[in-house]
Amino acid sequence: MATARNKALRRQARKQSTLQALPWLAPALVLIVGVVIFPAGYMIYTSFRDLSRFGKDRGWAGLDNYVRVFGLDPLSTVLTNTVVWTVGVVLATVLVSLVLAQFLNKRFPGRKVLRMVIIVPWAASVVMTSTVFVYGLDPFYGIINRLLVDVGLIDEPYGFLKNATSGFLSAMAVAVFVSVPFTTFVVLSGLQTIPHDVLEAAAIDGAGKVQTYWRVVFPMLRPALAVAAIINIINVFNSLPILKTMTGSIPGNDADTTTTFMFKLIQNDRQIDTASALSVVNFAVIIVVIGVYLKVVKPMREVSA
Amino acid sequence: GSDSGGGDGENVSLELLVPIYGDKTKPYWEQLVEDFEAENSNIDVKLETQSWDDIYTVMTTKIQNNKAPDILELDAAGPAYASDDLLYKAEEIVSPETYDDIEPAFIDSAKIDGQAYGVPTVASTRALFYNKTLFQQAGISEPPKTWDELLEAAKKISALGGGVYGYGMPLGSEEAQAETSIWAYGAGASWEQDGKMTIDTPEAREALTFMKKMIDEGATQPNPGATDRTPLLDVFIQGKIGMIEGLPPIVGQINEKNPDLDWEIAPSPTKDGEPVTLGVADYFVGFDKDEDKQESIAKFLDFFYQQENYVKFNDNEGFIPATKSGAEAAAAKPELKIFLESLPDAKFYPATNPAWGQTSGAFKSDVGQIETKSVDEVIKSIQAKADAEG
Amino acid sequence: MATVTFDGASRYYAGTERPAVDQLDLEVEDGEFLVLVGPSGCGKSTTLRMLAGLEGVDEGAIRIGEREVTDLPPKDRDIAMVFQNYALYPHMTVADNIGFHLKIKKMPKAERAERVLEAAKLLDLEPYLDRKPAKLSGGQRQRVAMGRAIVRRPQVFCMDEPLSNLDAKLRVQTRTQIASLQRRLGVTTIYVTHDQIEAMTMGDRVAVLKDGLLQQCDTPMGLFGKPKNLFVAGFIGSPAMNLIAATVEGDGAVIGGQAIPLTPAQRSALTSKNVVVGIRPEGWTLKPAGEGVSATIEVVEELGSEQFLYCSTSAPQLATDETADTDTAPPSITVRAPGMSAFQRGDKVGLVPESGAVHLFDAETGDRLPD
Amino acid sequence: MATVTFDGASRYYAGTERPAVDQLDLEVEDGEFLVLVGPSGCGKSTTLRMLAGLEGVDEGAIRIGEREVTDLPPKDRDIAMVFQNYALYPHMTVADNIGFHLKIKKMPKAERAERVLEAAKLLDLEPYLDRKPAKLSGGQRQRVAMGRAIVRRPQVFCMDEPLSNLDAKLRVQTRTQIASLQRRLGVTTIYVTHDQIEAMTMGDRVAVLKDGLLQQCDTPMGLFGKPKNLFVAGFIGSPAMNLIAATVEGDGAVIGGQAIPLTPAQRSALTSKNVVVGIRPEGWTLKPAGEGVSATIEVVEELGSEQFLYCSTSAPQLATDETADTDTAPPSITVRAPGMSAFQRGDKVGLVPESGAVHLFDAETGDRLPD
Amino acid sequence: MSELASEPSTRGEVATKGAVLDPPTTIAGTGRATAPRKRDRRRWGLTIVGGIVALVFLAPYLIMLSGAFKSRQEILKVPPEYLPTDWKFDNFVTMWGTPETPLPHNLLSTVVISLCGTVLALLAALPAAYYTARHNFRLKLPFMLLVLVTQMLQPTVLASGLFREFVSLEINDTWLAMILVNAAFNLSFAVWIMHSFFATVPKEIEEAAWLDGCSRGQSMRQIMLPLVWPGIVTAIIFTFIACWNEFAASLILLPTDTNQPLTVALTRFIGQYESAWQYVFAVSIIGILPVVALFAMIEKHLVSGLTAGGVK
């Protein structure tokens, strides 16, 4: 009887609090619904329309666009690339950031300056950063290429961005390069919220640096890290500028992710409607990816709860 | 909206969207608009400029949302909007005098079913730029006229070593269709027949095969498949490339960036020396949005085509004028000589075919693959994309 | 296991002028149970933290056994500590909190679980093993902190008020268990407490700290029976010893008309005519009014098992620093009476110090006069 | 100021089966000082938090004065609370912590500073007013938490073990000050403590909680003298009452060969032949061996002012839950003796219950038998 | 450097304020002359490592910087020079007057849009982040996911729909439009970041504030905000940078050149056959500087063991 009473009470309490939540969530909801939901709906709508090459709406298309998307030859290559791209970049970013944040959290002369330096790749627009890399990696007038030759790492300038494999890898490196600052700072500020006394307790319990890190610091960093990872997954998955500038001139789709592929569908193939369908598919894929991630990592589970 | 439109006293607003050729483009249009508005107080011209990179994206959005500009300058993709019934006819947006002044060849190049929809603004043809210093070093006396001569000369220059390459072949996505067309036209190919895109033809195969041979035999710069045109031209300007297909504005660039370069222009080499080259023109089109702005549009375009304004525009951008009067003025300039001469032999893209856009895209994204794949495979995939439903 | 030696160890916190622990010299025997007491803020926790390596030693040295540990990191000192503020791992369950050290030491899982369960049983924590600390009550959290220490077999136990949030019953029970565990393992233990009973019953010796300075370190009975100075006298024992100002007249010190004889040794040790007479609440015999120091009962505090009478007399207690500010009546004398006695507010009684229950201190220096 | 009424108030925490507070009915008079005691985890803090509005009330209602506050947000209840874990504002100085409420209430700065200083003096916190909590000792932090409450003039004070980390002397002093402050302001107060002395001396009434259920709420003496059931009997008083299982034979209950007479009312209230006899440590008279229950002293705990003798007898105490698991000898009987007595381990004595010191309980239900 | 100078005065503080993983060990404050010196040497070692890290992160921007000072002739020289032979300092001057784009307007545009967008995003995100961190309600997870989902959409793809929407609302081609877009696009990250920080503040501290008579708003302002400041600063920087560099939507929604932000203005330097790289680089540098300056201003708030000593 007690449990039945209990349940009924709890249900009632919960319903109440959802209503109570509304005023707190309202501003965010208004913005989201007002600015994102409409165009998103429009994107989905477009994916069911038949558009001319120039964008003129010629009526209902049913599932034609989707059929076409799944009939695209390079789709499997592109999907594989997308997975490699997202997983590779995010993992590398997180790893580098963890190390870097740890380093930046130490006290040493010049730390403040270093922190400011590290923010630069974040502050610079991604397009510009990749443009500089394109410029620097050019086999003819690229300064990075010259530097590599001058220090003897390579014998002659190499066309890093001239073939799919090395171009894709270079783009991944740049993607890591531009994602690291943000991730580092999230981790860094996460580190600040870890109570010092718990670290003392770990020291007393005989944990060395490494053990303290993995067993105490890291788990307590998890909420911050999980958020940083989510943001990175989404950003990296959706990242257009890096690949567009760096591998855009490489023929074929060997260096394309779904995002750049979609872009090429619009730009080169003038298939606006197919591209819309692809972007809906793209959206579905990222939702699945994030869903899996949430399921596995459970970032909403707070440390102390 | 007003019904009578354009008439004096009625206020009309015109949206003008133009791409940026170089650093003089925007100031030119701003000045022109100002001058025009001073003369036509009732017409308000809203100028929007976009980079060539972005203008297609912007246009797509505008069309999708029925917000096309009133006047648009674009490459041959401009007149193609007519296939969606969006445009005024060419003779509706300029006065008859202006229309008559335009080289018929250019007008013809953008006709759909015999009807012109775009008024050409500038034109260009391609010609072979070559580095005389490198030619000397490699012991070449004459610029090549045929493919075989080209191959031989290029190989000689490449053999000089030291980061110097014989022929610059940009097959990266920036403008692969241009380089391919020059070669294919040089073998007598044609991209369109009876409204259908014809990519997979024996002539085109021959051209692609020879291009591949150039690559394979080291006559070109490395990785032509992923090399874009603009950066490669810069390399030529820096004296590291023996020969490259270029167009009129390059002349000005060379003078500005590396005046010391010892260079010369020759007609594009072809398979067996027949003179033919690629011609390209950009166009003004007017969008028919049932708003009766036609008269105002015509007023503006007429103003643009006034000799003084028009010549200045061409001088700025370094192109060949598309009007008869303009051509006369241009003939005075020696650096345009070769281009003007090749004009009669110029062959244009089949740009008004609705499928050209995607075909050109297919060239951009696929043709560079001849570096690694077989010509057969590449050409078939391009043909397939060209045939895709729009 | 090991002795612990503080050798003139001092600790300055940033931004404070006085050291929190001032040249502490203290030797704790191997296997000894040392209780550390002192007023709030006197440096008890700091002392433990210095020993554990959590605070730097600004001066002097600390040794565990033969080994100088002054600059050793905490993890190499093999000290188990119960933190005053618990410092639980918020992301771990109770079981993981308790078993963390064993995990670090790579103890096999089964054995670990067993040890954790054992500790949890000892502390009544079994039902909570799977909870995270945030879902525990205050006392339960404290017990987890305790459990984290007692699963270990360290060289030294440091316990900082480990039972302060437990109810009396559980506290007695846990106190007994800690004592027996400590005796069984023979681990040198330093134990901070504010509980007089704990201090008196658990420790082999008790060290009294004040303002970072060690006042006295002795067996509980030594401390209780022969406090070395006024501070220790007033601090040890609850309710506190009555400290009554007196002047020396002839051979004795006079309080409320009653003379308390002084020995020649005491007299010669005096630096002035002023002495302080200390008598604990249980050091008085209650007589009918007229005998001894005449007193009026002001407050009766009934604890059931005993009563405390707060009496106003003509020989009021020494005003201590803390009460000096409040403009209330001079502090009354506390007298213990049997529980449920019939004393009432306003009753007049006579107070006679029991023989042997009198402590004498020099009023100037605060030092105890020789017996 | 206001009465406080719990009207069948319950609280369930998510993920637990049993309520932490179960249908609590309790009425606190206007200006009353109610002490809440109970074993760790019994729901004391939860009760305070419900009253303060920090935990939802899943069932029942809470009223302050005439006003139902069950759904009122905390800030509108005008309650000052000392949190068990202090909950200081880490980014504010001690002065700001203490004065925060006054600031919120827009009290002029000068007046605020004065009130803060007053509270700080009361709590010996003056030297620390400019420090942040992180730089304070445990006891100092607790005093800040206390200070935050006592600067206020609220309708209700809720204090959750506010003195647990203070030394005995300061605790007595603060306890007295709280009591006098409370009396002066007449603020209804609910006070959680684990300290028996605090419970017995401070409260007008004491409420005993166990597993979320109210066991008894009475004056300290009522609770001590007439515990309503075995739990209360064992919980109140330290050391705890000796609870000895006995069987009814004839008119009396027999322990260790000694018969304790039962009244007819008691006999008729019995549900079985088994009773429990409760005698507090101070309820025994120590006689030479031979008289009364014969006992052997196992442990002597000397507190200076008194002694506790743990004696093994033929009438061992009831094994309580906590000790049931440990396979030690059956729990011994605790007897109080005067401090510094000469008892030694191994001495044989006789224990005779004092008249009037015997409590009788039904062994089945645990309820007290009528007197 | 100034950090180092202030070091000796902070006696034992090093121990409590040290890095998270620095062993909270025997860092003596006074007395022992040797210890600090040993430590100093180690810290200078870190500085060297830091220098290398800094170089790696700066490398592309050094290229950019060097390029920004090069002349038109030199910037595409083959082979390239590391540094300009002819330093064109006036690139930074002339670019403001370049005919291609009204840079002062664009800079203003970027500043206004970024500032307002950041403020708006934060204002909307704060209550949501706070509430979701503190309360459990049935629609919490769905809400958090909805917020996240909005971020999974490509701005490029959404631009078209936004264009349609804003045209019909008649706020197309206004700063307001871009402020709304930026706020909405960055809202979710701000919510998620701040949510994770709010969750780390012990709830009792806030409860104490309520009992002290704070309304929710007051306790938010006076207690919560100071305590989660590092998280808020992270969110501010993140949002601000994202707004600052937004391109895809601005391109479509802001056709008028004086309304456009720097990112779009930059494309004006990219012509059909040649680009003014020296200007592109110079403008990019100008674009980076304010962000770095902003960061320098609020960086110190990222570091602070704020919640220490609050609860036991």
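Chains here go by letter, A, B, C, D and E, matching the order in which they are written, and residues are numbered from 1 within each.
Methods note: a contact is a pair of C-beta atoms (placed from the backbone, for glycine too) under 8 Å apart; a residue touches a chain by one contact, two chains touch by 3 or more.
Remember, it's a predicted structure, so these values are computed and weren't measured experimentally.
**Q** Both subunit B and subunit C are touched by which chains?
**A** Neighbours common to subunit B and subunit C are A, E.
**Q** Just the chain pair, please, that has the highest number of C-beta contacts.
**A** After tallying contacts for each pair, the winner is A-E.
**Q** Of all the other chains, whose mean CA position lies farthest from subunit D?
**A** B
**Q** Among the chains, which one keeps its Cα centre farthest from the Cα centre of subunit C?
**A** B
**Q** Take the average of all CA coordinates in subunit C, do the same for subunit D, and state the distance between these two points in whole angstrom.
**A** From the centre of subunit C to the centre of subunit D is 21 Å.
**Q** Between subunit C and subunit E, what is the separation of their C-alpha centroids in Å?
**A** 53
**Q** I'd like to verify one number: the distance from the centre of subunit A to the centre of subunit C, where each centre is the average of its C-alpha atoms, in whole angstrom.
**A** So the centre of subunit A lies 58 Å away from the centre of subunit C.
**Q** If you average the Cα atoms of subunit B and of subunit E to get two centres, how far apart are those centres in Å?
**A** Centres of subunit B and subunit E (C-alpha means) sit 42 Å apart.
**Q** Which residues of subunit D are in contact with two or more other chains?
**A** Expected reply: 14, 85, 135-136, 138.
**Q** Multi-chain contacts only, two chains or more: what residues does subunit B have there?
**A** Those would be 57, 60-62, 64, 163, 231, 234-235, 238, 240.
**Q** Listing for subunit A: what residues touch at least two other chains?
**A** Subunit A, residues with two or more chain partners: 46, 140-141, 195, 197, 200, 203, 303-304.
**Q** Residues of subunit D touching subunit E in their complex?
**A** Residue list for subunit D touching subunit E: 14, 49, 52-54, 73-75, 77-81, 83, 85-91, 100-101, 104-105, 132-136, 138, 141, 148.
**Q** Using the touch definition up top, name the residues of subunit D that touch subunit C in the complex.
**A** Residues 13, 15, 37-41, 44-46, 84-85, 121, 124, 135-140, 142-143, 160-161, 164-173, 194-197, 200-201, 220-221, 224-225, 234-240, 280-282, 301-306, 322-323, 325, 336, 338-339 of subunit D touch subunit C in their complex.
**Q** Which positions of subunit A touch subunit C when the two form their complex?
**A** 195, 197-198, 200-208, 211, 215-216, 219-220, 222, 303-305
**Q** Which residues of subunit E touch subunit D in the complex?
**A** For subunit E paired with subunit D, touching residues are 16, 136, 202, 204-205, 207-216, 218, 222-223, 226-227, 305-312.
**Q** Could you list, by residue number, the parts of subunit A that touch subunit E in their complex?
**A** Against subunit E, subunit A makes touches at 14-15, 17-18, 20-21, 23-25, 27-28, 30-32, 34-43, 46, 100, 102-103, 105-129, 131-133, 135-136, 140-144, 146-147, 177, 181-182, 185-186, 188-197, 199-200, 203, 209, 212-213, 217, 223-224, 226-227, 230-231, 234, 237-238, 240-241, 259, 262-263, 276, 279, 282-283, 286-287, 290, 294, 299-300, 302-304.
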